[in-house]
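Alright, structures below, take your time with them.
Next come two complexes built around subunit A: one with subunit B, the other with subunit C.
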Partner chain A sequence: MIGVISYLVFFATVASILSIAVLGLNLQWGNTGLFNGGVVAFFGAGAYGTLILGGTPQAGQLGGFGLPYLLALIGGMVCAGGVAWIVGLLTIRLRHDYLAIATFGVAVAFETMMRNTNALGGAQGIRGFERPLREALGAGFTYNLVFFGFVLILLIATYLFLERLIKSPFGRLLRAIREDEMAAQSLGKSPSRIRLTSFVAGSVVMGLAGGLYATFYAFISPQDVLPILTFQIWAMLIVGGAGNNKGAVMGTFLIWAAWTASGWALSRFAPLEVQLYTGSIQFVLIGFVIVGMLLWRPQGIFPERLVVSQSARSNK
Partner chain B sequence: MIQNLVDGVLVGSILSLGAIGLTMAMHMLRFANFSHAELLSIGAYAALVFDGLFGAIHPALAEAIPPLSLTWSLTLALLISMGLTGLSAVAIDRLVFKRVRAKGGELSMVFASFGVAMIIRNILGLIFGLNPKLYSQDIVFAIVVSRDPFLLIKPDQVFTLVAALLIMFILHLVLSRTTFGYSLRAVAENPTLAQVSGINLSRMIVLIWLIGGGLAAAAGVFYGLTNQISPVLGRDLVLPIFAATIVGGIGSIYGAVLGGFLVGLASNLALVILPSGYSPAVPFLIILAVLILRPHGLFGEERT
Partner chain C sequence: MNGLKTSALALGFAAGFASFGTDAAAQDCTTKIGAVLPTSVDWGKPIAATAQYAVDIANEAGGVAGCQMEMVLRDTQVDPKVGVDAAKALVDLDGVQLLLGAVSSGVSMPILTSVTVPAGVMQMSCCSSSTAFTRLAEEGKTNGLFYRTFATSGVQAAVGAMVARDAGYKSVAVFYKNDDWGQDIGGLVADDLKALGIDVTATIAINDGQASFRAEVTEALKGNPEAIYMALYPKEGTQVVREWISLGGSQNMIAANALKSDEFRDNVGMQFLGNFTGTDTASPRTESADAFVTAYTAKFDGPPNGPGLANSYDATMIALMAMHAAGKDATGADIAAKVASITDSNGTPVTADAAGFSMAKEVLDGGGTVSYQGATGNVQFDKNGDVSAPAVTWTFSEGGIEEQKYISLTEVNDFMASLN
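So, the complex of A and B:
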């Protein structure tokens, strides 16, 4: 019984961390219409940033600054925001494909750099991170439960913050730009500045998710920032419903459950020679889920609720 | 250094072939097609299948044409693969992109292409296995062209370059001398006006996929001939090909040709100063440089 519960806690922790990343993507894509093809780069920047700032010194490695945990986590978010700012500054004014290609490229470049630079951990990744409060709570179930609570609080905080943000005048502005950039511009707004703000903000949220992910495993390596993660995070948002934060979280739990369950089923029931191809089979399945969703229910399971502003309603 | 230059030109010709189709589809349908590089994989594997088939039908076909490792059966297989890959590109458009397009979102297309790429790449892996394959098991020795500076060239590489240039020259003739070429340019310039002038837009889209797929297949086979064939071929080439289109300017066919050669050269010259592990990141640096210096590419036009 305790085994099942501890597994559920493990599952819910990972799913909650991914939910935060999906919420970040929802701000960019769902509310602003920005295509981020390299979610892992921002997720990874947060993860590497957190471990480098908060870790203990390792021979031949950058970092080990041993900052207090919360400061390291915020530092990771700043790293993610910095990368986003540079990429955004160069591409956001151009036609939308450029952002998609450049973000895809930044993810490839990020993985390559981490894999080859020994000062950044190289292929072995970054070790030597002490999980916060480890001594007070031990390494067992209690720790995992407390950490899950911490992640859950941050997920709720992110959710509430983003809900408020998209209901605020700024959120309306984002949707106005998404729907008709020219009209927004003619009302004296600056679409490229607003889009850049939204892009950086969304990436900072992804950086938070990355930092939590790295904390959870006390380890990060190039293997954790492969392009497939970008794809999974996108699948979660599309299935849940772009533009709807509740949908984003639900989609994450749903897709992550399906992903884990299919992996488990394949390793349990498939013949040995098929098991080598488990990854390929899962990728094909998730590919079909995505294409199927886009063809038959592009709005997702929980579609965006279109709000009519109060002033518009009273005019009727 | 000289070796890097020569290798760069050879890789560049392959990237150019891939980039031509990508830039045409991106310009016409207005979306970044992340699955285009998978057409190279389809082409490479289709040629592998037919190469084996023809070799089995008549042993004489499986003889290599000296000094190349290329066989007559592979030459035939290349032509069939170009046709088949073009048809697959049309089929993918019919099944997925056309329907997503009908629902509106240009950016949904980008994501759909992510999904299509994922499906194609992994299905190829499931059918042909994850291990790299070769067209020929024979070892073809590289010819030492000069010892100082040291320069090695394989006969297959020379063939690849000549064949790629020939294909591009034929395309140039088609674009500049035929009614089809004029219609294509008209559609690229102004789709609405072109339609009013009696150009069938959906027929043009089919033709673009056919040409793009065919060129991609040739690029895939040439890549397999000079390197190896593996299911991750598309994943490894998608970024260099995108870089080539951005360097040339999205929508410019001649830009894509030039962009391919520039990206090939830059990636290989970068190996002089960078350890080879970093080479996957080079196309991204090129993209960044172009976006800073000349955001619309060498021949691109400003269009949002």
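So, the complex of A and C:
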């Protein structure tokens, strides 16, 4: 029994971390219409930033500054924001598919750079610090439970922050730009500046997720920032419902549960001869879920709630 | 009446079956072990199949510590997240104390740091080659729970340095490909050369896909080395060597196995390769290795040609023998502590088949130790859970590639020990 609870805590931790990243993407795509095809670059910048700032020194590697954990985590978010700001300045005038291709390229460049820079761990990756508070809590179940609590608090905080943000006039402005940039401009708004703000804010949130991810695994390598992660995060948002934060979180839990449970179920129930092919079967099953979703419920499980304006609603 | 009779009969049968069932359960319990391997990748499937084959052999020999073994296999998809989750599920939900895997170092490492070490589960990898595991073990952070049956890049680097010493070179420049393999081996060979008192004039990274390597080659020439060492692939290797020779560099060359290609020889030209020596790790020239090839060929209708197959077999066998030695309901730490008594060079030699497994069980039950003669030879772990491998040196000739010298496992081990 304790095993099941221990695993569920572990699962919920990973899903919560990924939820934060999906919330970041929801701000960019769901609310502003920015097609970020390079989620891993910002996720990775947060992860690498956190480990470099908070890690212990290692021969031939940059970093090991040994900063207090929370400072390192914030540092990781700043790294992600910095990368997003530079990338944003260069690409933010690009629309839709062009932006997607450009940011995808950035993500691949990021992965290649990490793989080739010895000072940043090279292809072997960076081994992290001792997980914070490990001394006090031990390595086992208690630790995972406390860490889950920490992640959950951050997830709720991020959720509430984004909910407030999109209900605010700024949130309406984001949606106005998403729907019709020209119209927003005619009202005296500056779409490119707002798009950049949204892009950086969403990326900082992804950076937070990256930092938590690296802390939890105490390790990050170029293998963690392959394009598959971008694809997974997108699938979570699409299934959950773009434009709806609740959907983003639910979608993450659902897709990640499907991803892991299908592997578990196949390993348990598939006949022995099929065992070796479970990996491929799993890909097929998950592909079916995503395609089915797009065919029959393209707006996602929780569609975006369209509100004309807050004042209009309160007058009802 | 008739209905009652049938029900009574059915009840009787059910009771009979039930009692039969409990009897059977008391006799053969089942112990689970976990395997996290990239079965969704083509070369990963045979590695998993080989591990399962080893488990089947152990079961054929009567199981481990009185129980039948069941290997629960999970796919990593070569994705660290998926691999770590699978490992965690195996440890928490299936309660395994032994985990085989993973293949990629980038997957094995987070499993080690966030699952197996915190849970005290033993992890045995067939195929992760990164030196990062050695460093982690040196810092005492693996708690002695990690072993691998795949030789690190250290073997080839050491043999490269050995070639330089035997040829009497006083100074060497090192070129390495800028990826994980090249970075690893380039750094190691430089350290080994220095340990032998040979001057390393430069270590230069080669990024592939460049039009010219003139800048890199010029930099290497500045130190005027007597020889060069190359951890490069044929494509950039050809270009580097051409430019190196055209700028007047020495024809004394040593290279790692990646340059073992006819394409490289033809494109550079035999006339420049007279003083070229290559290195490679070799499969051991022992009966046990040949026996594995024969048994594998019979079982899978083909020889074990993919990467990591012999390593996967040995990883599983050694782990299962250690599990037997540790007894029923052993924890990961107990099993890990028993590995030394399986690979004790003074122990009773046992072969890597069902007969050998039975014999090992007998010896271990009697409190003795065994020396496992496996598919990769007489496996021996060092204090960090690493293994080494025999090596060969080779040269190019008009006819192709010729082996120059076979360096046995003992010689490799002794030489590597002398470097430290």
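Everything that follows uses one rule, which is that the second predicted complex is superposed on the first by the 278 of 316 C-alpha atoms of A that agree within 3 Å, B and C clash if a C-alpha of one lies under 4 Å from a C-alpha of the other, contacts with A are read in each partner's own complex, and residues count from 1 in each chain.
Definition applied: a contact is a pair of C-beta atoms (placed from the backbone, for glycine too) under 8 Å apart; a residue touches a chain by one contact, two chains touch by 3 or more.
Keep in mind the model is a prediction, meaning the values are calculated, not measured.
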- Message: Is A:105 touching anything from subunit B or subunit C once the two structures are fitted on A? First, second, both or neither.
- Response: first
- Message: For A:216, using the defined touch cut-off, is the partner it touches subunit B, subunit C, both, or neither? Pick first, second, both or neither.
- Response: second
- Tell me which partner A:231 touches in the superposition: subunit B (first), subunit C (second), both or neither. first
- Examine A:68 and indicate which partner it touches, taking first as subunit B and second as subunit C; both and neither are also allowed. neither
- Tell me which partner A:260 touches in the superposition: subunit B (first), subunit C (second), both or neither. second
- Message: A:149 in the overlay: touching subunit B, subunit C, both, or neither? Say first, second, both or neither.
- Response: neither
- Task: Have a look at where A:95 lands relative to subunit B and subunit C in the superposition and call it first, second, both or neither.
- Result: first
- Message: Is A:115 touching anything from subunit B or subunit C once the two structures are fitted on A? First, second, both or neither.
- Response: both
- Using the superposition on chain A described above, determine whether A:277 touches subunit B (first), subunit C (second), both, or neither. both
- Query: Which parts of subunit A are in contact with subunit B and also with subunit C?
  - Reply: 115-116, 276-277, 279-280, 283
- Task: Spell out the residues on subunit C that touch subunit A in their complex, using ranges where they run on.
- Result: 38-41, 44-45, 48-49, 52, 72-75, 77-82, 84-86, 88-89, 91-93, 95, 104-107, 109-110, 113-114, 117-119, 130-132, 135-136, 178-181, 183-184, 207
- Query: Hey, which residues of subunit A end up touching subunit C in the complex?
  - Reply: 3-4, 6-7, 10-11, 14, 58, 115-116, 118, 122-125, 127-128, 139-140, 143, 216-219, 221-224, 226, 228-229, 259-260, 263-264, 267-268, 275-280, 282-283
- Given the complex with subunit B, which residues does subunit A contribute to the contact? 29, 33, 35, 37, 90-91, 93-98, 100-102, 104-106, 108-109, 112-113, 115-116, 227, 231, 234, 238, 276-277, 279-281, 283-284, 286-288, 290-291, 294-295, 298
- Message: Which residues of subunit B touch subunit A once you look at their complex with the stated criterion?
- Response: 26, 30-32, 34, 96, 99-100, 103, 105-108, 110-112, 114-116, 118-119, 121-123, 125-126, 130, 235, 238-239, 242-243, 246, 250, 275, 277-278, 280-281, 283-285, 287-288, 291-292, 295-296, 303-304
